[in-house]
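Note that subunit A is present in both complexes that follow, paired respectively with subunit B and with subunit C.
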Partner chain A sequence: MADPEIKSYEPHHESQSAAVTESRPVKAVLMAIALAFLAVFLLLPLIVVFHEALAKGIGAYMEALSGPDTRSAIRLTLLVAAISVPLNVVFGISAAWAIAKFEFKGKAFLTTLIDLPFSVSPVISGLVYVLLFGAQGLLGAWLKAHGIVILFAVPGIVLATIFVTFPFVARELIPLMQEQGNGDEEAALSLGASGWQAFWYVTLPNVKWGLLYGVLLCNARAMGEFGAVSVVSGHIRGLTNTMPLHVEILYNEYNAVGAFAVASLLAGLALVTLVLKTLLEMRYGAELAATRGH
Partner chain B sequence: MTTAPAKAGWRFRQPSVIPGFGLTLGFSLAYLTLIILIPLSGLVWRSAALGWTDFWAIAVDRRTLNALKISFGTAFLAAVVNVVFGTLVAWVLVRYRFPGRRIVDAMVDLPFALPTAVAGIALTTLYAPNGWIGHLLMPLGIKVAYTPLGIVIALVFIGLPFVVRTVQPIMEELDKEVEEAAATLGASRFQIITRVLFPGLAPAIVTGFSLAFARGVGEYGSVIFIAGNLPFKSEIAPLLIVIRLEEYNYEAATAIAAIMLALSFLMLLVVNLVQTWSRKRYG
Partner chain C sequence: MEVRVANVRKEFERFPALHDVSLDIKSGELIALLGPSGSGKTTLLRLIAGLERPTRGKIFFGDEDASQKSIQERNVGFVFQHYALFRHMTVADNIGFGLKVRHGAARPSGQEIRRRALELLDLVQLSGLEKRYPAQLSGGQRQRVALARAMAIEPKVLLLDEPFGALDAQVRRELRRWLREIHDRTGHTTVFVTHDQEEALELADRVVVMSQGRIEQVGTADDIYDTPNSPFVYSFIGESSSLPVKVENGEVWIADRPIGLQAPHAPPGEAVLHFRPHDVDLLDGCSGCIAGTVAASRRVAGTRRVELEVGGERRRVEIELPVDHPAAQKSRVAFRPRRWKLFPAS
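Our next item is the complex of A and B:
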C-alpha cells in the first residue's frame, strides 16, 4: 500500500526527512538484506517442498498420495483435529469468560498457567502422558486391568495434541474480551436476557473474528504437531500414524517423493491458514488489534 | 483499582451482575488440571521419586550434559541471529513501503503455520551437500546439514516470527515526533537509532529473544532431520529424551525432562528480571 503522505512531503523537506529516515542507499541495503534473509529462510523451504513433491511428475505425486497408509494418516490427522480443536474452543471460551468478565484472586496466575504448554518442549508434552498412562506409568496397571488403551492409540494422540494446542483459543479471546468490557452483556442482562442469551447473542458475535483466528492457529498446530504426538503414537502404520509422522517414516525410507507429497498437503494447509489469517487481520484488524502478534 | 467495600474484608472475587462465574471457572480449572497440571506434576513426582543420587548420576552423564549444551547453545545462537535479522525485518516492514509488503508481512508467520516435520525435511533437502544451498556452501568448506550448524539454521527458521511479531507492534507505536525532535536538536540518524529508538524497543527485543530461545531449546521436529543426531556432537536434549524412552529407560527420560523444564523456567525468570531492569533503565 502506497503512503501518499510520505510521498508528497519528501521533496519539500529533503533535509528534515533525511534526518528521520535513513538515506536512500542505506534504505535499499537494509531492505535487500531483510528480503534476502526472508527469501532464503522462509521462501526457499516452502518452494523446495513442492519442487521435491513434483520432482517425478504429477503422476508420481498423485500415486504417492493415494496409498492406503497415506490415506489413513490423513484420516487420523483430520479425526484428531476434529476432536481436539472443539474441546480447546470450549475451554478457551470458558476460560476467557471467567478471566475477562470477572475480577478474582489469582487471575494473573491462572493466565500464566494457561500459557504453560507453550514453554514446554513438545517431547516433554508427550512424555508426561507416557509417564501417566504407560506400562510403567502411574495409572498403567489400573488401565491394563480395565482394558483401557490410551497410549500408542488414538486417545493418547488426542491428549498430546490437546496439550500442545491448549492455549491458542484462550489467549486470543482473553485480551479481546477484556478490551470489550462488560457493558454490552450488562445491558443485555438488564433488558431481561438470560446469561446464555447474553453470551449467545451478544458476546459471541462480538468475539467471532478473534475466535476464528484462534481456531485457525489451533487447527494448524493440531494437524501439524510432531514431537508430542511422535512420543505417544507408537508409529503404527495405518493405525496411529498422523500426517507429520507419516512424512517422517517415508523420509527415513528414502521415499522423497512420498514424504514431500504428504508434506506438500501440510504446507498447503499452512498457506491456507496464512491467507485466511491475513484476510482476517486486514478486514477485522481493529477488532483483532488487541490480540495481534501472539 | 476498584476498592472493595470495607466491611467485606478479603473476598475471592469482586461482585458482578454477569452470571456464569462458577460454571466457567470450574470447568476451566478442571480441564486445566486434567490436561496440563496432573500430567506435569506426574513428571515432577516421578523425578522426585528417583532420589537425589540417581538423578544426579543421570544429570552429569556426559551424553546428557552434551545434549543439554547443544540444545541451549544452538538455541542461544539462533536467538541471537533472530534478534538481529528479526529486528531488521520488523523495521523494514514497519518503516518502508514497497510492493508486496503485505505478502512479505504474512510470510513471516510461515514458521508458526508450517508443521515442524515439513520444515525439517525441507531445510535438510536445501542444506544437504547436493541441495540448492548446500552445494553452494560446499566449495567454501561449510557443511550445514548433519552438523550443529544445521540445528542453528532450523532454529532460526522456527524462532524468527517470535522476534518479528514481538518487536513489530512496539515499532509501529514509536512516536515519529520524538525522532523529529532529536533531529531538530542536531542528533545524527545513527544517534537517533541508538539513543532514542533502541531504548524504547529494548524490552520487546528481550522478550522476542527469550521467546525464540525458549522455543528453540525445546524444538524437536524441525531439528532431528537436519541435525544428523550424532551423540556428543549434534544430539539435542529432546531427542535424547526420546531415545531413552525407546530404551524403556523412563528414569533417564524423566530426569532429562525435569532438568530441561527447570532450566527453561530459570531462564524465563532471568529474562523477566532483565526486562524489569530494562524497563526501569530505559522506560
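Our next item is the complex of A and C:
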C-alpha cells in the first residue's frame, strides 16, 4: 500500500535545468513545426466541416439536420451509445475489480485480451460478427430458425460497438484500482459493511473520476465508430444507419451540406468531449494520473 | 472479550506463514505481537480479524468458535498501518461509517450517529476537526481518526496493525502514551502488531515474540527481557552476547577453564552461553571467570561498551562498564555473567 504522504504525481515541468533547455531559435522552429501540423491536420479540417455545413446558410443547415433519415440516424446513434456505454461500464468495473483486487491464473492473459479491440482493425471486428451471425455463419442457421435478427439490424450494431469500445472503461480503472489496493475495502468490511456496501460507499467514490473519464472516451468512440458498424449495419436508410454511416451516404450522393451538417454534430461531440476531458484532468489530475499514460 | 487462538496454521499458496500457533489473550489485555518482518505477526492479526481464514486450527472469541465467521460478523475494530481512511468522506462520516452501514433496528438515526462520532472525536482529542477531510490531517491525526472509527462499532476486540509504523519518532512516542491511556479508559481487549521492541515492551501488558511463523515467547516486558527462552529472543530483544562453551560435571567451561557458573541440569557437551552485556559482575582476580583482552571500546550514552577477545580462538563478546571504571582502560578484563542462559549448540 502506498503512503499518501510520500507520493508525488506532478512531473517537474518548471525545474528543467539549463543543460536540457534548447536555444531560442531551436525552440521557435520546434514550436512552429508543431503548430503547423496542428493547423493543417486538425484545425483546418475542423473549420472546413463547419464552413461546408453552413455554406448555404443556417436555414439549409437546419433543414439538413431535420430530414427524417438524418433524425433516424441521430436517434440510432444515441440508442446504440445508450446501450453499449452502460454495458461497458458494468464490464469495465467488473474486469478492473477482478484484475486489480484478486490474484488468479490467466490474469495477464485477460489484461491483454481487454486490449484486443485497440490492436485489431475495426473492420475485422465487424467481420467477426458477420462470420458468427451471418446467413452462412456459425450461428446463422440457428438464429434464422428462431427468428432472431442480429446482422443488418440494431443488435448487430450494438454488439460491434461494444466490441470496439470495451477497453475504454476497464483501461482507465485497472491502474487506478491497482494503485489504491485493498486497504479501504478491508477497512469497510471490518466496520461491518457488506461487499455491496463497500463497493458502493468506498470503491466507487474512490474511482469515480477515472470512471467518468472512461465513460466519456467510451461514449465518444461509441458514437463515432465507423468501420465495425459499417460492416454489420447493412446501410439501410432510416433503419440501420448511424451518424457516421449517414455522413458517408450523404457525401456519396453529393449532398455536401447534409453530410457536413451531420459531421458538424460529430465534430461538436468531439469538442465537448475534449473540453470535459480537459476539465476533468485539470480538476482531478492527481486522481487520474495513474491512468493518464495513453 | 477473551480471544483464544488454537493450533492455527496458515499457508499462502503452500508456503506456510504460521505453523501451529496457539495463544490465549485475556479480556481487557493490551498485547503486542512483536517480530521481524516475515515472522507472521501481521498474518496472525489478520486471522484474528477474519481478513484471512486459517488453513488449520480455530480461533475463539470467548467460548464461541469464530473461525468460520466473516469479518463483519466478528465485530472487530481494525486499524491499518496506512490508516485506510475513506478519502472522500469527512472525519465525522469516516467515524460514523460503521454505524451507517448497519441494517434495520441496529442502525442508529443520523443524528445519533453524528453525536457518537463527535463523542469519539473528543475521546481521541480531535474535537473541532469533524468537517475536515483525511487529506487535511497530519499522519498522527489520521491514525487517531482511524482508531475512533474502529471504536465506533463497539468492537469486541481492537486490532492494530503497526499503528504507528508510518509516523515519525516524536509522534510515535506521543501516540503510544495516548493509546495506553485510551486502553486504560475503555478497557477494550487490544492486540497490536509492531516490529519496534521499545514500543512493544513499553506499551503492552504482555508481549508475544514471533519468528518465522512461530511464537518464540509470551510474557511481560520483564519476563521477555530478563529471562529470554531462546537464542532468538536473546538476540532480537535488547542486546546480547554469546560464547560457545562446554558443560561438564554440572559446570560451564570455556576451553579448559571452568568459568564459575553452575549448570547442574544442563546436559553435558557443547552449548552456547547467552547473557546481556550489562548483566555482568566485574572481577579482579580470575579464578572461575571469563577473561578477555580489550579489543575495542566505545562510549554509549551513559556507559562504556568494551569488546573483549576471549580464549585462544579470540571470540569477541561485548560487556558494559561504567564510564569511569578503570577496567575500561586495562588491557585485560575479567567478568562473570550475573544472569545467563545455556542453549544447545546449533
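Just so it is clear, the second predicted complex is superposed on the first by the 274 of 294 C-alpha atoms of A that agree within 3 Å, B and C clash if a C-alpha of one lies under 4 Å from a C-alpha of the other, contacts with A are read in each partner's own complex, and residues count from 1 in each chain.
Throughout what follows, a residue touches a chain if its C-beta (ideal position, glycine included) is under 8 Å from a C-beta of that chain, and two chains touch if they have at least 3 such contacts.
Remember, predicted model here, so these are calculated numbers, not experimental data.
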Next on the checklist: Which partner chains sit in contact with A:201 here, subunit B, subunit C, both or neither? Use first/second/both/neither.
Outcome noted: second
Checklist entry - Does subunit B (first) or subunit C (second) touch A:141, or do both, or does neither? => result neither
Next on the checklist: With both complexes overlaid on chain A, does A:247 touch subunit B (first), subunit C (second), both or neither?
Outcome noted: first
Checklist entry - Is the number of subunit A residues in contact higher for subunit B or for subunit C? => result B
Next on the checklist: Just checking: does A:189 make contact with subunit B only, subunit C only, both, or neither of them? Give me first, second, both or neither.
Outcome noted: both
Checklist entry - Where on subunit A do the contacts from subunit B and from subunit C line up? => result 1-3, 186, 189-190
Checklist entry - Can you name the residues of subunit A that touch subunit B in the complex? => result 1-3, 6, 16, 18-23, 27, 30-31, 33-35, 37-38, 40-46, 48-49, 52, 90-91, 94-95, 97-98, 101-105, 110, 113-114, 116-117, 119-124, 127-132, 134, 136-138, 159, 162-163, 166, 182, 185-186, 189-190, 195, 198-199, 217, 220, 223-227, 230-231, 243-245, 247-248, 251, 256, 259-260, 263, 266-267, 269-271, 273-275, 277-278, 282, 292-294
Checklist outcome for this item: In the complex, the residues of subunit B that touch subunit A are 2, 12-14, 16-21, 23-25, 27-29, 31-32, 35-40, 42-43, 45-46, 85, 88-89, 91-92, 95-98, 101-102, 104-119, 121-123, 125-126, 131-133, 156-157, 160, 162, 165-166, 168-169, 176, 179-180, 183, 187, 189, 192, 214, 217-221, 225, 237-239, 241-242, 245, 248, 250, 253-254, 257, 260-261, 264-265, 268
Item to check | Complex contacts: residues of subunit C adjacent to subunit A | outcome: 49, 51, 70-72, 75-78, 80-82, 84-88, 97-98, 101-102, 135, 139, 146, 149-150, 152-153, 166
Checklist entry - In the complex of these two chains, what residues of subunit A are touching subunit C? => result 1-5, 183-184, 186-194, 197, 201-202, 205-206
